[in-house]
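So, here come the structures, one by one.
Both complexes shown next keep subunit A, but they swap its partner, so subunit B is in the first and subunit C is in the second.
Moving on, here comes the complex of A and B:
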């Protein structure tokens, strides 16, 4: 390593630290302050540490709403991401392996799913007609519908890099089509799957507008909606708001730290090929 | 032997079923303001104590544009629950009340509601669709009593006196007027809170304005609000960071004496109470002064209302609860939950004697007939969506007042056409 390389690396690390750590520190400090001090919005060391008081107040707010929200959000995220991966990979596999005249049409529809913005009121009518409105599984299906196009796209291009010979070898060894997909192809898709898990679970966990419109009801609250316990147009309790943000940020952060290496591998493996 | 337990089980089961049938659960949607939640919890708890067969599920929605969209979406899909808390005035008209909300004209509680409030929740077919929830607010100017006492100033009755006071405050090296254009909505106060003065000079302004006969640009009294914004900027009375400061900063400045004046609605008292309780008595409140000291009065913002969505399946129970909210008992429960930050629009509902100083400053206006006027958005269905952008421009010296008033008239035209008003 030349001195120049070392210096560039050090500078890059320092800049990245400032850019990524500063907002976290700000949230952390704000979450520790008293209401009065937090209302000043200063990037400063808290004069009194109110960690425990703020934490218990946030968790107990509105009859332990945050805990229920964690549960709901986790169910929605895990359910939706599981379905996204299985169905996305299946559709991508068929689209890539079976060439037919319909492929272009289907691919066009998948792209349309990515391009056309969903309309809220007609979607609610559909959900009401199916008896899925205001239910957690209805919300899971909404997230799957919104995310499926992206995952099909990603899987299809990645499956293109897996040689057909593998399918054929498995076939000759006597594997059924289901076995080929689940035991040969799906394990090979791990880099894309990890990318999808991270991208989609963070997007779904952090989603605010969709649960707001499609999942009304006192017991159907999700984590992002709990922020409105402390933030209103005219009067906000910023210390509790930031404590809530801190608590809500932790699960996605854990996902990211846990899968960090696979994400990078997945991005470089799946993203480039067209 | 085997019959007895199953018979007992059956009896127990039918008892449970009978109870479940008699039980009514009303779902309530309110905004998430701490005061709204406290008042609603007090009201529902008291009502359930008196009527054990009715219980409530309270859900909070966000405020601002998200909240508006949410309420409209839920009404359009018939999922708005049994009771809905939402703004009165022009925002209420935007909900299409004739189609979406139940008619509350003849519920018992309406007899207690003050007429001026009924007019802001009356649909286009003349029926009343809501009952008041919470206190009325005044729009005017907060002032710091300590600075006034230090410099020997008195509360001004005319705009000229107000500006003279500002000059003295500036000469003493203090910030005369706090402005917080970081929250753009807060920039509209000088224009909106000037409406009492507008109607004192041009009594027909609201009707003529809605009928496209009067304009801001050609009514000097109406343009004064824009002019005030320009004047305080040009004279250099503002805080240095007026362009980025937020509502919370403005409240802090006037409460702690960093600034002498802050134009705002009276709900800011809740913020002072929460963040600066020891400064609560340092703050006074005055109506926005106009040209004539003899015609000094307050522009009033009506409180939000409770409505019953037309799709609700528990109309009777919900109506009975709303009658309770509009009673003197309901009013006292709300005061008990939040203290008094303004007058409640229920007949015979008296405020306690120990109100904060700023509220005490506001009450005399309400006690004399003719010293208050509702803000324009409660009298006319049109309020241009871009007003806050224009007021920020004028208040930061980017655009002259006359030009902004003309542009605002054009902005209003779009909305009037959308609403399909005659004569536009």
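Moving on, here comes the complex of A and C:
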């Protein structure tokens, strides 16, 4: 490392700290302060640390709404991601292995799924017709519908790297298509599967717009909606509001620390021509 | 003797995904064209022709939403691609703590948009906010970032840039890694300066990444809703309203037909911008 590289690194770190880390430190400090001190909005070391007091108060607010929100968000995320993995891999598999006129159609639909903004009110109308409006499973299916295109795209390109000989061998051994897929192919897709689980979980957990439209109502609150509602409720209690933000920021931070490599793979996958 | 064997890749594998996608994505999308021409309360729809569209292009605040959407999308997309490339070059040049810096720049991408929005509301507070207090130290009288009608949209675009530039950087880093070092070596032997290398080697060869960054951030920018809703809710007045927030407001007010017309307009706008752009990008690639 040349002195120039070292100095540039030091300057870059200083600038990045001010621009990118300060807001997170600010969240952390605000979350620890007393109500009075937080209202000053200052970027300062808390004079008294009110971690437990703030934490318990946020959790107990509105009859433990935050816990319910975490529960709902977890159910939606786990349910939707499971379906996105299995359904997406099945489509990617057939799309890659079987060349036919239908492929162009499916491909066009996948691209449409990535680009076209969902028509919200007609979607509510369909959900109502099916009895799925304002229900958790309705929300799960919405997330599946909106996330499928990305899953299919990622799986399709990865399945291209798995030799067809494997399917052939399994078929000659008498395996059914179902067995070939679930016993032979799906286990081999693990690297993409992990990437997709991480990336889609973060996207669904952080989603605000879709629950806002399709999952209104007190019993169905999700984490992001709770945060948004607390914004008005905690107008004079910024310490609690920021404690809430802190709690919402911790899951992605943990995922980032443990799955950094997979996230990078997933985020750049659609990107550089593959 | 061998009867025609069934394919080991049966089409019914596509079925579960297709059912969900068709019912909850395709059907509403096609239905939106019809409902956008109706006065609609979710139960009964009365056909009123192009009235909703007329209203959309007549009401000044709805038109402003359309203009704001374009400004916002172009601004965030352009700034993300320029800054993303510069950051990527910096973060692949072997500087001290490079890996850590990459993480720091990227992390905001993963954080809740609502949380970021609320945080910046506090940081951008006109009198008590950290940003204006810091500016006051160097003798600058900071503006009301989010409550000045002339500035609100740009402030939100800045927050979007802050949160999203890490993704652009990441895509550019992957793009830079795909450029063979030979090009730089040849350029050096020919006596090209660092600046010349950047313009003559890096910029042309990182093109696939540029295409991705611009396309992704344009689509994201045109559809952008949550960051605006968390910070200004389209205000003050309608000064930072974009199509997505207009759609939500019309929906809240019970104008379902009008909201759906807004949706169709957003769809058209994205198609009109993205399709020719993709075509143009692909054509240029053949020329190279």
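In the analysis below, the second predicted complex is superposed on the first by the 225 of 274 C-alpha atoms of A that agree within 3 Å, B and C clash if a C-alpha of one lies under 4 Å from a C-alpha of the other, contacts with A are read in each partner's own complex, and residues count from 1 in each chain.
The working rule: a contact is a pair of C-beta atoms (placed from the backbone, for glycine too) under 8 Å apart; a residue touches a chain by one contact, two chains touch by 3 or more.
All values reported here derive from a predicted model rather than from experimental measurement.
Asker: Which partner does A:13 contact after superposing on A: first (subunit B), second (subunit C), both, neither?
Answerer: second
Asker: Quick one: classify A:36 as touching subunit B (first), subunit C (second), both or neither.
Answerer: The first partner, subunit B, only.
Asker: Counting only touches as set out at the top, which of subunit B and subunit C does A:76 meet: first, second, both, neither?
Answerer: Neither partner.
Asker: Report for A:181: first if it touches subunit B alone, second if subunit C alone, otherwise both or neither.
Answerer: The second partner, subunit C, only.
Asker: Taking the superposition on A as described, I'd like to know which of subunit B and subunit C A:232 touches: first, second, both or neither.
Answerer: Once the two structures are laid over each other on A, A:232 reaches subunit B alone.
Asker: Applying the document's definition of touch, where does A:154 land relative to subunit B and subunit C: first, second, both, or neither?
Answerer: A:154 contacts neither subunit B nor subunit C.
Asker: Of subunit B and subunit C, which one touches more residues of subunit A?
Answerer: Higher number of touched subunit A residues: C.
Asker: Output check: A:213 vs subunit B and subunit C. Expected answer is one of first, second, both, neither. What do you get?
Answerer: both
Asker: Taking the superposition as given, does A:125 touch the first partner, subunit B, the second, subunit C, both, or neither?
Answerer: Touch partners of A:125: subunit B and subunit C.
Asker: Examine A:264 and indicate which partner it touches, taking first as subunit B and second as subunit C; both and neither are also allowed.
Answerer: The second partner, subunit C, only.
Asker: For subunit A, which residues belong to both interfaces, subunit B and subunit C?
Answerer: Common to the two interfaces on subunit A: residues 40-41, 120-121, 124-125, 128, 209, 212-213, 228, 231, 238.
Asker: Tell me, which parts of subunit B touch subunit A in their complex?
Answerer: My answer: residues 27, 31-35, 57-64, 66, 70, 73-74, 76-77, 79, 246-249, 252, 267-268, 270-271, 274-276.
Asker: Using the touch rule from the top, collect the residues of subunit C that touch subunit A in their complex.
Answerer: Residues 6-11, 13-14, 16-18, 20-21, 23-29, 31-32, 35, 40, 42, 90, 93-98, 100-101, 103-105, 107-116, 118-120, 122-123, 125, 128-130, 133, 162, 167, 170-171, 173-175, 178, 208-209, 212-213, 216, 219, 222-223, 225-226, 229-230, 244, 247-248, 251, 256, 259-260, 263-264, 266-267, 270-271, 274.
Asker: Would you mind writing out the residues of subunit A in touch with subunit C in their complex?
Answerer: Touching subunit C from subunit A are residues 1, 5-6, 8-10, 12-13, 16-17, 19-24, 26-27, 30, 40-43, 83, 86-88, 90-91, 93-95, 97-98, 102, 106, 109, 113-128, 130, 141-142, 144-146, 148, 152, 167, 171, 177, 180-181, 202, 206, 208-209, 212-213, 223-224, 227-228, 231, 238, 241-242, 245, 248-249, 252-253, 255-256, 260, 263-264, 267-268, 270-273.
Asker: Under the stated contact criterion, what part of subunit A meets subunit B in this complex?
Answerer: Contact set of subunit A toward subunit B: 35-36, 39-41, 62, 120-121, 124-125, 128, 133-134, 209, 212-213, 216-218, 228-229, 231-238.
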